[in-house]
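Going in written order, the chains are labelled A, B, C and D, and every chain counts its residues from 1.
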Amino acid sequence: MTHNTFGHIFRVTTWGESHGPALGCVVDGTPPGIPLTEEDLQVWLNKRKPGTSKFVTQRREPDAVKILSGTFENDGALGPVTTGTPISLMIENIDQKSKDYSDIRDKYRPGHADFTYQAKYGVRDYRGGGRSSARETAARVAAGGIARKVLTHVLAREVTIRAALVQMGPHKIDHANWDWAEINNNPFWCPDPQAVITWDSYLTDLRKAGSSCGAVVEVVADGIPAGLGAPIYAKLDAEIAAALMSINAVKGVEIGNGFYAASLSGEANADEMRMEDDTPSFLSNNAGGVLGGISTGAEIVARFAVKPTSSILNPRKTVTKDGEEVDVATKGRHDPCVGIRAVPVGEAMVACVLADHALRHRAQVGDGSE
Amino acid sequence: MTHNTFGHIFRVTTWGESHGPALGCVVDGTPPGIPLTEEDLQVWLNKRKPGTSKFVTQRREPDAVKILSGTFENDGALGPVTTGTPISLMIENIDQKSKDYSDIRDKYRPGHADFTYQAKYGVRDYRGGGRSSARETAARVAAGGIARKVLTHVLAREVTIRAALVQMGPHKIDHANWDWAEINNNPFWCPDPQAVITWDSYLTDLRKAGSSCGAVVEVVADGIPAGLGAPIYAKLDAEIAAALMSINAVKGVEIGNGFYAASLSGEANADEMRMEDDTPSFLSNNAGGVLGGISTGAEIVARFAVKPTSSILNPRKTVTKDGEEVDVATKGRHDPCVGIRAVPVGEAMVACVLADHALRHRAQVGDGSE
Amino acid sequence: MTHNTFGHIFRVTTWGESHGPALGCVVDGTPPGIPLTEEDLQVWLNKRKPGTSKFVTQRREPDAVKILSGTFENDGALGPVTTGTPISLMIENIDQKSKDYSDIRDKYRPGHADFTYQAKYGVRDYRGGGRSSARETAARVAAGGIARKVLTHVLAREVTIRAALVQMGPHKIDHANWDWAEINNNPFWCPDPQAVITWDSYLTDLRKAGSSCGAVVEVVADGIPAGLGAPIYAKLDAEIAAALMSINAVKGVEIGNGFYAASLSGEANADEMRMEDDTPSFLSNNAGGVLGGISTGAEIVARFAVKPTSSILNPRKTVTKDGEEVDVATKGRHDPCVGIRAVPVGEAMVACVLADHALRHRAQVGDGSE
Amino acid sequence: MTHNTFGHIFRVTTWGESHGPALGCVVDGTPPGIPLTEEDLQVWLNKRKPGTSKFVTQRREPDAVKILSGTFENDGALGPVTTGTPISLMIENIDQKSKDYSDIRDKYRPGHADFTYQAKYGVRDYRGGGRSSARETAARVAAGGIARKVLTHVLAREVTIRAALVQMGPHKIDHANWDWAEINNNPFWCPDPQAVITWDSYLTDLRKAGSSCGAVVEVVADGIPAGLGAPIYAKLDAEIAAALMSINAVKGVEIGNGFYAASLSGEANADEMRMEDDTPSFLSNNAGGVLGGISTGAEIVARFAVKPTSSILNPRKTVTKDGEEVDVATKGRHDPCVGIRAVPVGEAMVACVLADHALRHRAQVGDGSE
């Protein structure tokens, strides 16, 4: 909500620059008594860790997360649990490759935030993009790990939040081929094994050419009961939209049918209802699990578009801080398709929004009504 | 941010139900000394007023806004100005057509928030959708009128925020035909006179059939200097996304190239820079005026998709509060395409976000840097 | 928290000036399903209503509160209940005595906010003090009525919040005489019948002399279970301190022993514990019911000091907006001791803080732990 | 405002337990371009560092603060400056004396938050009080160092915020002896050299007896222009009250005349005005620099009462977690008068509130009006 904090009750404040000594976040509002270890969070960080395939940046960062506060292990307990006080997470930056920054110190890289940070603040940490680097999302992924635990704890049911890449550059998956089990079998988090073949060759070519492409990520949350969310500005879909749009390079967000809904008739788009197991149930899910800003009990489905990586080898026209017209090319270790590493970030953001809403719901309505 | 409040410094809290005695909002954080009359706000309310053409609901509401606090006219002054204290706006509901609600009292209308409000709160004002009715957006439009005044006052420059319908059902405009002057010449806020012909006949047919369609709205803000916005969760685009997604029936939001960016290469999507009038300037605006969450100085361009009106004549399958499986059809006065009346609402929401960011910017960086 | 809003989940946003058409507030975050009528709130407003005795202002205001949104009466229900959506309350100003304001338009009244509002905003509604008038507290008292209902609903137990005047000018009550039943038997909310006699003659003299005096109010909340509150900045006592200090003319706040605790030894001040009815219990309540920012289960006891009414007949030195040195005397209808009418306001503020914390507690810890 | 965050624009989020690996805070909202080094903050931390005299705890902590983000040194610059992004501060805990905690693990220490944390959370880090330890205030003092820099930067004038101990146990200073230069000449921050003699012998005796006493601290902010603050709940005095009351062991807060004002007449308490150097000026400062929640331009004067240290050698009656009635005595390294080390904390809290209001003022009114 505020500059570097998101969430209302489950609140995450992130800090850190790409090439500073460390980055991290403070997670406040977590219920007490939830088992939590560094390993519980590391598993999610490993999903977005650089250097895992040739298709992501070769920067070598273990991204090892430390818990500095907010958990405690009672004598005789089986492990540490949350205490309800703020959880401070820290990830040290190891591989801040020492190099000559004189190039990007003065030149605004097109597509990056160099110019806008300079315009706003009059000063910026230009090393690796500083605060505007996607490296900041490591803290979000760690926070998302806590959010998942909070969700299960508060809702007292299994909640699954997972994401997949559904489009790379112009190449979309075939939804008929969707198989969640596939996403771990390829370096793209792609649920369609057919698409993997196309994508692999497409991205290999782009990478060799020093170019880049965009992507679309779909996040699905399963297990959310009807009733989470709120009217008007705390609408579940509004907050998911903000959360996803706040990820680096994201330019569009959809819920359910999204933009496609605009072309449909009211008859085609409305999800009809029938009883199932004595519970009101929807015969389709065009709404993506949200009506009037409140969850319907169906899967929550959100998609976001990631623009092509702005760091490319081909020189682009730009200007310097001093107004000189120059060309700039970005050498160095970059992701040809940042959309890939945005997958765990999208999951984390949706987890954080849902955890916050689970707590907000409990505040207003109590435990019983879920 | 919170349930019924948006904005951080320029804060708008709305209240009211569709069929209650009145609705309104409290606008806090407005700078002092800005001339403000009810007429200044009424002009925007008239844009979303029902009953202005056969293509919008025939409910007759003058939507006359009253200012109950926060302005004062000094002796000898030319008119009232803001005092810096909260501005309370109220719009009385006149035409709450007294009718039999027994149908929607018990039946959940597909596509509406009937079921989700009931699931969340266990009680709801079912008359006309209660709080979930798009009638609430009247308060937003009024607040947006204040936001426009704040923007001009704080930025000390002309700021224009306007929107147009760029797609109705499956029918898109041709951007080559775009003419802002046209939007007031047709009942659709359509900037393409060719599209108007198609849309008129298309929507006339739908309306007669008791059906409905969706739409896409594009909002353009002109005159915003580089530097508004902030990192991470207060990103200008993240907050615009939330603001637009919070409008009734919206299912998707894009900034600049939006989803189309996903299919482009880094070379094609990056906006190159050159100097223009001694100022860094962009040769294209694929970014839609935002980089790293901060304005670039180019036009801010956002689009949002509105789903087809859920209130249709054709019966749909649903269930009642008591679990009975029934059909429901919505008679009464409804918009065949709610996207039309969403146009001034979209403008208002973008105005509110920008006004808030203009004030937040001034807080952190001061007047001088804009 | 923000300029005109207090509370985090139970949020009250007030608006209105002393001599505008109306004043009111929007109460957001209320749980659904709580029976609520205008009469439920009017009873508290009647406690602070002007004109009830010769010791309070003779302005004649019925202070009739209207509920404009947020409640709904289901067919066949026994009365309206809260729906969980924002509750808009409005109180019309009736007796804005039309008079010549030229005197206070230009002269800064010592002890009032005339100069500081002018210094901050450069413009102000000078009629009756505008926004800085204690008339604004009517909205708080109405909100406090909702807060009381929320507390009982959420905590599922009887909660009593009441206040008494314990000092008028230099005259303190004798705590040994304390009898809650007495507070309704005199125009001062005084629990000590002996003190009433002194106060009556003291205040009668002051009033005739056109002078004024200060007072100390004690608020006691009974029935709050152990565990409400939170560490650090959401400490129950910190938020009560802010709430009480935010009341017009308040200059000091204490919890439990307050300033007296400074003079005690650790042995004398610590509240020892023993078991009572199988529950940990305190043998004294020097802490005033709060330890580490969290309620102990004992009575919550807070006191606040109200300065003497600044509106007095005797002329005081001041300056005008234009820098002229002049004298000013305040004629008109004023309270010789504003502390009297601060009693229901203090109760309301404590009720609001506790209601907010009851909801915040439920968010983080759930229903079960209370 | 929220559990572990204070401030609205200048926002400080603290984290950490007494005996965890580290503690710290994230400071968000700082304007860019302010020179800032660790040394700038260390000077304030050294004021509250343990082990500096026999009158404070002998725990040995260097309290060395590290800046982990938010500053950057441009090539050729004279030193690092703030970048406008979040500043993460960390202080490692060195001397967490490993000892047997079995005693306080189970026994609730009277006057401490042991019982209330257990009642709220059902789990707590009992080592040294965990989160409820005054050790947390180290992070506040560091943040206060940034706040001071922000104030000078934003207000473009010298601002001095300093505090002194004005009462120890029952022994008050004589205000006629007040000499700011004295506060660094004794271990009590006492401005009255006569009082020092009494206090030294009084506290030496208490310390030897294993007892403790309370204190009163006065904070004075000099250089604040008229116009900072805001109506109603963002009143400068309301936020100062919350900030000071949020400090460990504080039980009372006053502004200006405070509780003494209750005993005065309106004539005696009102500060009259005259012109001085062509500026409206007050002939006295009974108001303590705040009227209507907004600064008057006079010195801002606040006092707070600190209760006696709860950790004492003399055994007190208490109960265990399991309901056993026992006695408890606190051995170990404790402050006989925690009020002493609260002096720099009080300064820091007032600095944070003022910095936040300086930014909020600039947001609403702009640079020019100060």
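By definition in this document, contacts are C-beta pairs under 8 Å (C-beta built on N, C-alpha and C of every residue); 3 or more make two chains touch, one makes a residue touch a chain.
Keep in mind that what you see is a predicted model, and the values were worked out from it rather than measured.
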Just going by residue numbers, which of C-D, B-D or A-D has an interface where over half the contact pairs are the same as at A-B?
-> C-D
Label of the chain whose CA centroid is most distant from the centroid of chain B = D
From the C-alpha centre of chain A to that of chain C, how far is it in Å?
-> 45
Could you give the separation in Å between the centres of chain C and chain D, each centre being the mean of its C-alpha atoms?
-> 26
Distance from the CA centroid of chain B to that of chain C, rounded to the nearest Å?
-> 38
Mind pulling the chain C residues that touch 2 or more other chains?
-> 2-5, 14, 29, 32, 84-85, 120-122, 131, 231, 365
Give every residue of chain A touching chain D within the complex, in rising order.
-> 2-5, 11, 13-17, 20-24, 26, 28-29, 32-33, 68-70, 72, 74-75, 81, 83-88, 90, 105, 120-125, 130-131
Sites on chain D touched by chain B in the complex | 9, 29-32, 84-85, 154, 231, 359-360, 362-368
Of all residues in chain C, those that touch chain D in their complex = 1-6, 8, 14, 108, 110-113, 115-117, 119-122, 131-132, 136, 167, 169-170, 206, 211-216, 226-235, 237-246, 248, 250-259, 261-275, 278, 280, 283, 287-288, 290-297, 305-312, 314, 316-319, 323, 325, 339, 361, 365, 369
